[in-house]
Each structure stands twice: as C-alpha cells, then as structure tokens.
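Next come two complexes, and both contain chain A; in the first it sits with chain B, in the second with chain C.
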Partner chain A sequence: MKNLIKAETFIGALLVLVMGASAPAFGQNPRLKINNLEKLSSKAAEVIDVTLDGSLLKLASKFISPEEGEDEAEVKELIKDLKGIYVKSFEFDKEGEYSEADVESIRTQLSAPAWSRIVGVRSKDDKENAEVYLMTEGEAKNILGLAIITAEPKELTVVNIVGPIDLEKLGALEGKMGIPRMNLEKEKASQKPAASHDEKK
Partner chain B sequence: MTRRNNATIPILALAGLLFMIPVTSRAGDRQFRAIVQRIQTHYQKRPMRFMGLLSFVANRVRPEGIRNIKLAVFEDLDSSRHPADSDLDALMQKIVGPEFQPFVRVRSRRDGEQTFVYAKELGRDFELLVVSLERDEACVVKMKVDPEEMEKWIDDPPGMSKKSAGGPGHGAAR
Partner chain C sequence: MKDLENELRKALERREPPDGFAERVLAQLEPAPTPKPGWREALLSLVRIPRLRWAAVGVFACVLVTAGVVHYRRVEQERAAGEAAKAQVMQALRIASKKLNVTWRKVQEADHRPPRT
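For the complex of A and B:
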C-alpha cells in the first residue's frame, strides 16, 4: 500500500513538472500587467490606454479587400493571429515625473527564460531609451508575445502584443491601433545580440 | 374626414412629446441609462432637455456606418465634484460590466478631458459606448457602428475617441 501511495505521489509530481514545462517558461505570461503604471496617471498631462483584443482584433484582420493598399493588407496579415494589443502611454509636462522603478516594474515581468531583449537603444543626448522584448517558446522559438518600452524624459510608452508576430513587419503597426510611432525600423537595423543590450549613440 | 383629423392630432402631439422626453427615459440600454443616472446623481444635474429630439436629429443626419444613436449631454457641472481618476476608472468598469470591453481611454489634463470608450460585439456590428467628461460638461453616447466604421476606430483609437467626445457626428466626419 505504501509503495502504491509513493508511486502515485511520484506520478503526480511528474505530471505537475511536465505540465509546468509545457506552459510558457514556467508560467510567464505574454500579457503584461501594465496596470502597475496606473499610479502615473495623476501626474501625466495625457494618458492613452488602448485595449484591442477579442472580437475587436478579429474584426481588424477580417476585412482584407483587394482594393486596399499594400500597407493595409500587410497590417491585416500581421495581426490575423494575434490575441491582443495593449498600449499604455503617458505624456508629462515636466521631466522626472516617473522613476526608474516604474519602468523596472514592467522590466521585471520581462525576464528570462521566456523573455529576451532583442533591441535596446539608448540615446545619451536625448535621454531616449527604447527596448524591445520577445517571448518565445520551445526549440522552434515560436513567438508568443512582444513588449516595447520607450522611455523619454517626458514620455513613457509600453506596448504589449500577445500572439505570434512577424518581427520583420513590425514597423507596419507604427502609428496604428494606438501604437505610437517609435522608429522601430531604425531600431531593428541597430539590432544586436541579446548580450550587448545597450547601444550608445 | 373631420373625425379622422381629430384622431391624427393627438397621435402627432404624442409623437412630438415623445421626442421631447429626455432620451434617457426611452433608452433601452441598461449601461447607457446607468451611466446617465450616475452622472445625474453625482452632479445633481439633469441632462440637457430635448435630448430625445437631438438624438432623433442625430439619427437622421448621422454619418454613414453609424446608427441607433442615443445621447445625453450635461452642462454646467461642478468640476469640484469630479471623481479621482482611479475612482472614475473603477466606477465606469463597474457600471458597464463585462458585457462591454474597455477599448480606449484618453485623459488629457491639459484640456481637462477624459474619454472612455467601451465596445460590444453585436452580430456583424458593434455597439460603442462613449463617455466624455470635460471640466464642466459631460456627454454620454451610445451608437451602433458597422464593421467599416469600426475599422476606423480600430485604426486610430485615440484619435477617433477624441473626435467623438463631442458627439457621434464628430467621430465619423473624416
């Protein structure tokens, strides 16, 4: 009987392990908790909050008509398998209204092994900082989600895209669906291996 | 003929009266009514009169792709009674419930404006609930939009919500 209980316990533990391993990197989530930044709303001059998921996102990818321009068709192709696009953007009247700790509250969710930073651009003069993180799964490195943080002295924007996305075409989403223009193409060009994160201009 | 005319006059008068009744009392939508009621209670102000008539006119001159417009406008609100941002967020979410999904929220301290947009799928169409709160005014709009119009909203959510804050006509006037 004791052996039977031991065997059951072992199988149970094994099942938990297997299930845990099959989940994206031990429970890490492609959907970020950006509500952490809500406290900045009271200091911000402008706040934009966009939630695009479920039926709204489905609709956005549904109507691909041949009359539409190449760009529109590209955008729709890009978002057709996405599960959600979430944007939170703050604009402040003066510098220093948000702290490094505020940004860090987002960065801590973007940790290894699931997340990896693929682009990190830091401009010394303009004090602009842009980071692009990618969440992948398995050997095939299937993309599960993407996060972009752009931090300027008077602006802070977090974009979270949940679902598989073609990085080559990411720039096509700039200025659409609440995603601000962030010169992603430029940043992609300066892409470095994850080890050398920061690029001083 | 005279008897027929006699019957027509009360019907026309009744129809006229119906349009003059604030839209809130005829609106079928629970969330729309709940928000209007909440604003009314909080600020101790009634919506502008003839909203029924305005809604009727808005539905006649509505931009393509928008229909079933219901609106309520509040004027001369006491800005000192404006709830805190976080309270307002939670309150709105509680009123609209899970039926409507939060879509856009734009808050501009510079302009003293806050706009909340919630969306609900209605078969092929969408229902949008836009609540705009300014320094001394508030506007609640509920409208049904077709997929083509909705695409405009999805393409530029902050821009469209800013435009629609003044009423449904602004939103689609592109």
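For the complex of A and C:
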C-alpha cells in the first residue's frame, strides 16, 4: 500500500514537471499568430508585411554596419538578441474594411496569463485603439516579447517582436531613420503602472 | 657389349660448355616483369606529352574559372538577401517605434486633458 502511494506521488510530480516544461504549449509563446490578417490584403490600399525570423535577423545584422552611422549602430544593438520581428500593417481607402473580430483574434492570444497590457488607449469617438503588451518572465521581469496593436478607422497595424526588446531604445529611434520626433515625455514602461484610458467624448 | 658401354660412357662424360653458352641461354629467358607504375607516375607520364600537358592546364583553368563564378554568384545572392533583410528590419523597427510613441502620446494627451465634469 505504501509503495502504491509512493508510486502515485512520483507520477504526479513527474506530470507537474512535464507540464511545466511544456509551458510554451500553454500560451507562453511570445510569437503571435497574425497570418489570419492576410485576408485583409486584398481590401487594403497599402500593405506592409514583414516576417523576420531568427536566421533572417542574423543575416540582416551582418549587413547593418555601425560604421554607416549612429542609427545603424543603435539598430544593430537593438536586434542582437531578438528571435523574430513580425509586422502586418494595412491602410484602407475607406472605413469598415476590417472587423472587430479581426482584431479580437489577436487580442485573444494576448489574453494569455503570460502577456500583460502595459498601455491601452481607446477613443470611441475617433474609433481609435492603441495597445501595448509585454510578455515577461521571472522576478526580474525579463522581456520575452512585445505586441503593439493600433486600430484606426482606415488603418490596422499589428507589431510582434519576439525576444528581449528594449522599449526605451525602441522608442528612442524617433527622430532617426525617418521617424518624426513627437516630443514625448518619456517614462520607462516598467515603472509606469498599466495605463488604460477610455476616452468618451 | 663393351663397345656399347664405351660409347655410352663417352657420350655421357662431363664436358665444359662452349664459350658464351650461359649468356645465350640467359638472353633467351623472358625478362622479369617490371613493376606497374603508381597513379602519380602514370599522371606525370601523361603530362610529359606536350599536347596533353596543355590540355590539362586548360581543363584546370576552366575548373578554376567555373568555381570562381559559382562562388561570386553565391556571394552576390547572399548580399542581396542580406540587404533585403536589412531593409525589412529598418522598416519594421520604424513602424514599431512610431506606433509605440503614438500610443504613449495618446496616453499623455489623455493624462493632461482636464477631467470631464
């Protein structure tokens, strides 16, 4: 009888270990499935589709030269540990070309416990939504992934970065590489509590 | 009977061979087989023939040129793929940075807006 109890305890512990080891199968994968948005390509006036996995990032990194300028040096530093960058951006000629369900299919993936929303802005009058999610792990809150969703009446953009991305350095690219400077007051995302604003005008 | 014995004895008595006999016999023997040349010797023997030498040089030069062209094309293809990947990285980061900052801006605008009454 005692041997049976010991065996059951051992099997239980083994199961817990296996489930913990297979955590990526339970929603801890920082890579989002955004290919379902490809159906919007036929309706969009402009489509930007970027899919860069680890091997392509390494290849690109070889051709990003710090000697070319400070911009490239910063970019090279930013992407050095990344495992993937995925962007789908659609610009439409008129409103209503994509549905809330299209965006919800992405948000559903971000509702997994490993993801936390650090910024959310919704304007019902402008019909604009902007959200930033981070996947972190451990006490040190190491970043495993970033997701940005911006939904406007005539534009939908989803950005998914897999790997330890530095948000400050990413934001600091403004004013460089053709990104217009916006004179923002910056705070570290980690120091700012989850900011969520619903604007009802 | 005695005559026959004498004749036999005379016929079988040891005699010294004539001069040059041993050399004539040895000369008629087949020469010892020469050892087969190794592949290096066989190759070198071909190259010693002037026309074949030039043909070998020509073939070697063609192989070198072909290898050089293949290598150059591979390097060019990798360079093109790398430059394309770099352009995509720049574009993706441009978009990510812009959207991140736009989101922060909206939060700050909302923070600075006076509360509704």
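The criterion applied here is as follows: the second predicted complex is superposed on the first by the 136 of 201 C-alpha atoms of A that agree within 3 Å, B and C clash if a C-alpha of one lies under 4 Å from a C-alpha of the other, contacts with A are read in each partner's own complex, and residues count from 1 in each chain.
Here is the rule we go by: contacts are C-beta pairs under 8 Å (C-beta built on N, C-alpha and C of every residue); 3 or more make two chains touch, one makes a residue touch a chain.
Treat the numbers as computed from the prediction; the structure is a model and nothing was measured.
Trainee: Is A:V50 contacted by the first partner chain B, the second partner chain C, both or neither?
Mentor: Both partners, chain B and chain C.
Trainee: I want to verify the contact counts: of chain B and chain C, which reaches more residues of chain A?
Mentor: Counted on chain A, the partner with more touching residues turns out to be C.
Trainee: What is the contact status of A:A73 with respect to chain B (first) and chain C (second): first, second, both, or neither?
Mentor: neither
Trainee: Would you check which partner chain A:S42 touches, where first means chain B only, second means chain C only, and both and neither mean what they say?
Mentor: A:S42 contacts chain B only, not chain C.
Trainee: Where does A:A130 make contact in the superposed view: on chain B (first), on chain C (second), on both, or on neither?
Mentor: second
Trainee: Thinking of the overlay built on chain A, is A:V159 touched by chain B (first), by chain C (second), by both, or by neither?
Mentor: second
Trainee: Counting only touches as set out at the top, which of chain B and chain C does A:T150 meet: first, second, both, neither?
Mentor: second
Trainee: Using the superposition on chain A described above, determine whether A:G171 touches chain B (first), chain C (second), both, or neither.
Mentor: The second partner, chain C, only.
Trainee: So, does A:A60 touch the first partner chain B, the second partner chain C, both, or neither?
Mentor: both
Trainee: Is there a shared patch on chain A that both chain B and chain C touch, and which residues make it up?
Mentor: 48, 50, 52, 56, 59-60, 62-63, 177-178
Trainee: Spell out the part of chain A that touches chain C in their complex, as residue ranges.
Mentor: It is residues 48, 50, 52, 56-57, 59-60, 62-64, 75, 78-79, 85, 87, 89, 119, 121, 123, 128, 130-132, 146, 148, 150, 157, 159, 161, 167, 170-171, 173-174, 177-180, 182, 184-186, 195, 197, 199-200 of chain A that touch chain C.
Trainee: In the complex of these two chains, what residues of chain C are touching chain A?
Mentor: Contacts found on chain C: 78-79, 81-83, 85-86, 88-108, 110-111, 116.
Trainee: Can you tell me which positions in chain B touch chain A when the two form their complex?
Mentor: Going through chain B, the ones touching chain A are 84-86, 89, 101-110, 119, 121, 126, 147-148, 150-151, 154-158.
Trainee: Given the complex with chain B, which residues does chain A contribute to the contact?
Mentor: 38, 41-42, 44-56, 59-60, 62-63, 93, 176-178
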